[in-house]
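Note that the chains take the letters A, B, C and D in the order they are written out, and that residue 1 is the start of every chain.
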Amino acid sequence: MVGHAFMGAAHSQAWRTVNHAFDLSAQVEMTAVCGRDPERAAAAAERLGWADHLTDWRELIARDDIDVVDICTPGDSHAEIAIAALEAGKHVLCEKPLANSVAEARAMVAAAERAREAGIRSACGFNYRRVPAVALLHSLIASGRLGEIRHVRAVYLQDWLTDPDFPLTWRLRREYAGSGALGDIGAHIIDLALYLTGSQFSGVCGLTETFVRSRPLPHAEPGGLTARGSLAGEHGEVTVDDATLFLGRLDNGAVASFEATRFATGRKNALRLELNGSLGSAAFDLERLNELEFFDATQPGAEQGFRRILVTEADHPYIAAWWPPGHILGYEHSFTHQARDLVAAIAAGKDPQPSFVEALQVQLVLDAVERSARASTAWTQVPGAETPAAENTPEQV
Amino acid sequence: MVGHAFMGAAHSQAWRTVNHAFDLSAQVEMTAVCGRDPERAAAAAERLGWADHLTDWRELIARDDIDVVDICTPGDSHAEIAIAALEAGKHVLCEKPLANSVAEARAMVAAAERAREAGIRSACGFNYRRVPAVALLHSLIASGRLGEIRHVRAVYLQDWLTDPDFPLTWRLRREYAGSGALGDIGAHIIDLALYLTGSQFSGVCGLTETFVRSRPLPHAEPGGLTARGSLAGEHGEVTVDDATLFLGRLDNGAVASFEATRFATGRKNALRLELNGSLGSAAFDLERLNELEFFDATQPGAEQGFRRILVTEADHPYIAAWWPPGHILGYEHSFTHQARDLVAAIAAGKDPQPSFVEALQVQLVLDAVERSARASTAWTQVPGAETPAAENTPEQV
Amino acid sequence: MVGHAFMGAAHSQAWRTVNHAFDLSAQVEMTAVCGRDPERAAAAAERLGWADHLTDWRELIARDDIDVVDICTPGDSHAEIAIAALEAGKHVLCEKPLANSVAEARAMVAAAERAREAGIRSACGFNYRRVPAVALLHSLIASGRLGEIRHVRAVYLQDWLTDPDFPLTWRLRREYAGSGALGDIGAHIIDLALYLTGSQFSGVCGLTETFVRSRPLPHAEPGGLTARGSLAGEHGEVTVDDATLFLGRLDNGAVASFEATRFATGRKNALRLELNGSLGSAAFDLERLNELEFFDATQPGAEQGFRRILVTEADHPYIAAWWPPGHILGYEHSFTHQARDLVAAIAAGKDPQPSFVEALQVQLVLDAVERSARASTAWTQVPGAETPAAENTPEQV
Amino acid sequence: MVGHAFMGAAHSQAWRTVNHAFDLSAQVEMTAVCGRDPERAAAAAERLGWADHLTDWRELIARDDIDVVDICTPGDSHAEIAIAALEAGKHVLCEKPLANSVAEARAMVAAAERAREAGIRSACGFNYRRVPAVALLHSLIASGRLGEIRHVRAVYLQDWLTDPDFPLTWRLRREYAGSGALGDIGAHIIDLALYLTGSQFSGVCGLTETFVRSRPLPHAEPGGLTARGSLAGEHGEVTVDDATLFLGRLDNGAVASFEATRFATGRKNALRLELNGSLGSAAFDLERLNELEFFDATQPGAEQGFRRILVTEADHPYIAAWWPPGHILGYEHSFTHQARDLVAAIAAGKDPQPSFVEALQVQLVLDAVERSARASTAWTQVPGAETPAAENTPEQV
């Protein structure tokens, strides 16, 4: 694993847990973690349960006792690490968004396609696909229970930037993060829209806003590989979006509305999603991630209503590995499920999902939104990823 | 109408509205309102829309231009007024609880039975039966959708007595109100349990509590006939229960839990009801009275969930008279629907519901709970009302 | 009153009720209702409680015993009737949206301004301003409790057009309705955004969609003045939007997202509104119109949360006229409150709200959204109404 | 650890995780698991992450390399194992309910008191105390935010027995489980009532019901030490309660209502708790365990409401160890927190909570409820545990 901040901790919990929860033909060994600062990397290895620690990811990739490289660094290093790892014959799990630019993402896709011919697998860490309620929603839609989708309505609302004294971390600087709320959390709702509808965006229009344009520089960068050395001065410019809103059209005829913001006071992690179809609707809220709201318009009229499915039954996706009905799961389980699906796919010689191609498609939407925002919300077409979709059936519980 | 305080206002709104909302073969005329104080009765007549006003209910009953007497006074006067009205050949709607004692209630039932032979109708004002969501729940249960009922769980939570300086109104004095939370709001949940399950209590055990035992005397009694003249001194004893809790068993094998309190801080009018059956469950909350939660255990397992039915569709009870779907109704509509059902029944020569017999059954439960509470929660059998049930089909939208 | 369909029925309920709920120095008399078809107008007069009925609104306006004209017709007739009524010296309440075009709206504003000099008042029927929870939110914002507003997020979701066999009523034809979801329900959320923030839109971008483009012609037009004679053929073209989505910026720096649709399966009347400010947030849902969600970011951190205020307390707007805490109000009460505010303003010689100028501002937004949609979501500036704001303090409970 | 079924799996997840989430001065080593069947014990050891496995708990207790014994067996073996382990100088964590009888519980308390003099610690696994929202509620109450508590209202609703073909597992047999819903899930809400109010029950009255009295015998017993050998015949008698309801009074003057059932169709794990005090109220639902509803009656009247605190902030109990705000925790985290508190207490030489004395107090309530149920709901006093309370300050995040 490269990087050991927030994402690194979440991934580590998943790697530690996956074989205890699921029957898998492969056994995960947590070989080594890589971080720029040796002391912090050592501490992370001990805390997070990695046998070894390194400060140079190139050494990590070079090791023979490593089969999978898990990239948990900021977006600006994804392409370099991922391509090198793939070329070194390592399976790769790369955090989202796949890259900081479409060009990088295309290069990563090309590397993944080459590696794939050698049986090397790659996937991007859109972990919310593995929330059981989301996976259940996917299967409901895939089996036609919502009918023809007309509306996709998604927001991802957080509020951790409302304090103007919150420091200028790497996530607020374009050179490291690529974009702000758009790429960090907007990418999730774009991916879910693509995943759930099985459709693509034909076009978008968007606008971005940065409410607080100058912030105090951090005394020291938190966590792992994200440290960038000392920063002079007291304040620095925020170079990414605090909030991005966009509208879109999907190939299936649906119209869509999206919003990603870090300024929604009181909303902590409100990824809220609603789809309205000709036969039904569904709604999901990540703050209540064990629940799916489902409206079945084929029920008798007087009995219709949004039902709250508590997605904790043994016949719900992933749940048989866990606890009895009603005993809820948490955020981290999405990573354990992601680990399970990745390991199962690698062991079975199949492509895990979402592929780099799928992640590129998200990147193309992010890029189109940014171009539209720069062009006064002009309608902006989203190009296709122009790469053959994976031929294997996805491997998922 | 006799009495013009809170209930009088709610009933007046219903009488004013019923013919504008529903097609009825009879037209309501608001002939006269009766209140003890002539000035306040006059003001009430003008405000509430009554053509005339009186201070003696006996005069009201004696009038030829009155067909229906609506009794909205405290419970201690129900029996006398209702029996006199029935004997005078007036149809009677009497507020709940029917009376302050079982003996009074039995006398009222006897009077109602005698009057019924002459085609005179009577009903008790358990208006929450007429909330569309409750009526829908009744029809779901009646058609077997919940299967065999195993649990009834009902609370009626208010908090208007948490302020120790709230004055000693008539509702806090046994001689006027009969009991406190038990008879005022507990009666509603008892009636709904009987109505919805179609069953009777076999026995109960209960306890009561009065948290604040002394309260300031009111400067003047509010509203209408409830005035009792001036009260000397500064504080008086609260002689009713602030809260009553009881358990029960129903003839259908269900176990039941009930609580009525005026000390549930933050709960304003939380009549909450849940029934669990072998095939399904349902839950209702009066603070969201347009919604019914329904769980259908016959749906496919992975799709089961409590669905929130927004009971505002044209094919829901009473709704066709009102607005398009999603345009919610309020508390007062329950009275308009009660008025509609009463007028329709009288016009059709049928017995309205709930009859005095049904209301007596509630009274018998109230009495058994009080007796149990006095006997250290001893199990106390609830006698049957021992009166033939109405033979007519209820007249309801 | 001109028109007696859905809006006419809702307004009539308000006129019938307002003097019974509120102490007003003026007494409402329901003099006459006007409808194109004499038989239906007569039936409406009887059902809705009007003393007389007419078929020509010009006659109505000419009557000496009428002081106020309430216009409940489709949008294409608003301008003509309103201007004539104002010129005849009648106070005017005109249903929303004010008109079908900006030009009509400007003419109406001009007429209103002229009439105002003679003490003649005018208002537009954006009744949701009078929902107590909305009025409470307005006062919270006005007193600074949300701080600087950064986000406005509003949807108005209905689903009554998901059935492709729903007929081609006047609301689906541009010549009568002006637009579809946008003007009918989108106008409400635009007005609320303006009302609550006290700000104006600087620009918008939008897109519209018509999912079902051809519908069966109705056998007969429903309700009152909306009848347009018989329609030949079996199907006709839907000439308005089924759904409109748009983004906007407000003068106060907020970014905003709006969606109005009649294709949100399962959402019946979901006007949902959220505002995020620097000090707090608030959320509202018309399907639970007695509740306001309020997040106060100035509370101690560990105790912060969205609180559900049950807006039924005596010190909440309009509530003192009604029932005790927790006894909820319905949709129709917003019209009663609107009637109360209008009558109070007229009686006091003040301007009621929202004025035609405010309604013109909504019209300008509607127009800008449509122009943007026709120009491929191009950013479109919203011109100011360029008319002096009312100088009187609004008259509101 | 003794026993490796549901509870064993949950505890194992906690032991595996606790040192990765929390900084503790002691490091947990998962030495050995004990189960009756050697093959299943071996499989459990591998799956759950234990280094060794045994079939005789006496051998486990005899090992020198074990400091803590975690008892996850059915209640009938708790006393024997716990007493032996304490006498062998092992710290003990014992699953709830502490025992199957008051006599056993008293013996365990005596053993714990003796061991405590030698610095040996003991605790009972009422894990829900460690749900962050519950711990937050405890601190709110302890700091007086609810004022004087008047009402405790708790239910624990499950529905896994509604299927009459669900087999007769050990949990449905008195000889193994002691009681049914009462001891299994009722014990949790009793403990929470004691924990949160800091008060004791003075008396109770209760009733029990077994809806399905005969069930098919299981083909084989599931999981670990709970296997009891083969069972002859096809059906067997259910000898425990399916549901128990009881009322109570607390020493602090509160009245309380409790219900535990496995027949609440659609309710999967609905531990719902509400407390009403003179200054505020709070409500909790285990199916939404990251949320606490808090009503603060000291706020300005027009702004009061139940606020949904999303208990995921760094300054909430236990949360700093986990994820950013809004990233929710699951059921299993309560066990990790329990493990953390236990290890921290042992390492600090302090008594962990809840002590066996506290667990005995729960047992005394369970016993009183059963005695009342057998005596026709007669009011039954709950004796005090008559043992000195722990003098140490509880060790908790």
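Assume a contact is a pair of C-beta atoms (placed from the backbone, for glycine too) under 8 Å apart; a residue touches a chain by one contact, two chains touch by 3 or more.
Quick caveat: nothing in here was measured; it's all calculated off a predicted structure.
Student: In this assembly, which chains make contact with subunit C and also with subunit D?
Tutor: A, B
Student: Let me spell it out: compute each chain's centre from its C-alpha atoms, then which one is farthest from subunit C's centre?
Tutor: The chain lying farthest from subunit C is D.
Student: Just give me the whole-number Å value for how far the CA centre of subunit A lies from that of subunit D.
Tutor: Averaging C-alpha atoms per chain gives centres 36 Å apart.
Student: Taking the mean of the C-alpha atoms as each chain's centre, how many Å separate subunit A from subunit B?
Tutor: 55
Student: Just curious, how far off is subunit C from subunit A if you go by their C-alpha centres, in Å?
Tutor: Here subunit A and subunit C have centroids separated by 41 Å.
Student: Could you say which residues in subunit A touch two or more other chains, in rising order?
Tutor: Where subunit A meets two or more other chains at a single residue, that happens at 267, 304-306, 310, 313.
Student: Within their complex, state which residues of subunit B touch subunit A.
Tutor: 136, 140, 292, 294, 296, 301-310, 313, 315-316
Student: Within the complex, which stretch of subunit C touches subunit B?
Tutor: Touching subunit B from subunit C are residues 6, 10, 12-13, 16-17, 20, 47-49, 158, 160, 267-270, 286-290, 310, 312, 322-333.
Student: Of all residues in subunit C, which touch subunit A in the complex?
Tutor: 150-151, 153, 155, 157, 159, 162, 205-207, 209, 211, 243, 245-247, 249, 253, 255, 257, 259, 261, 263-267, 274, 276-281, 295, 297, 304-306, 376-379
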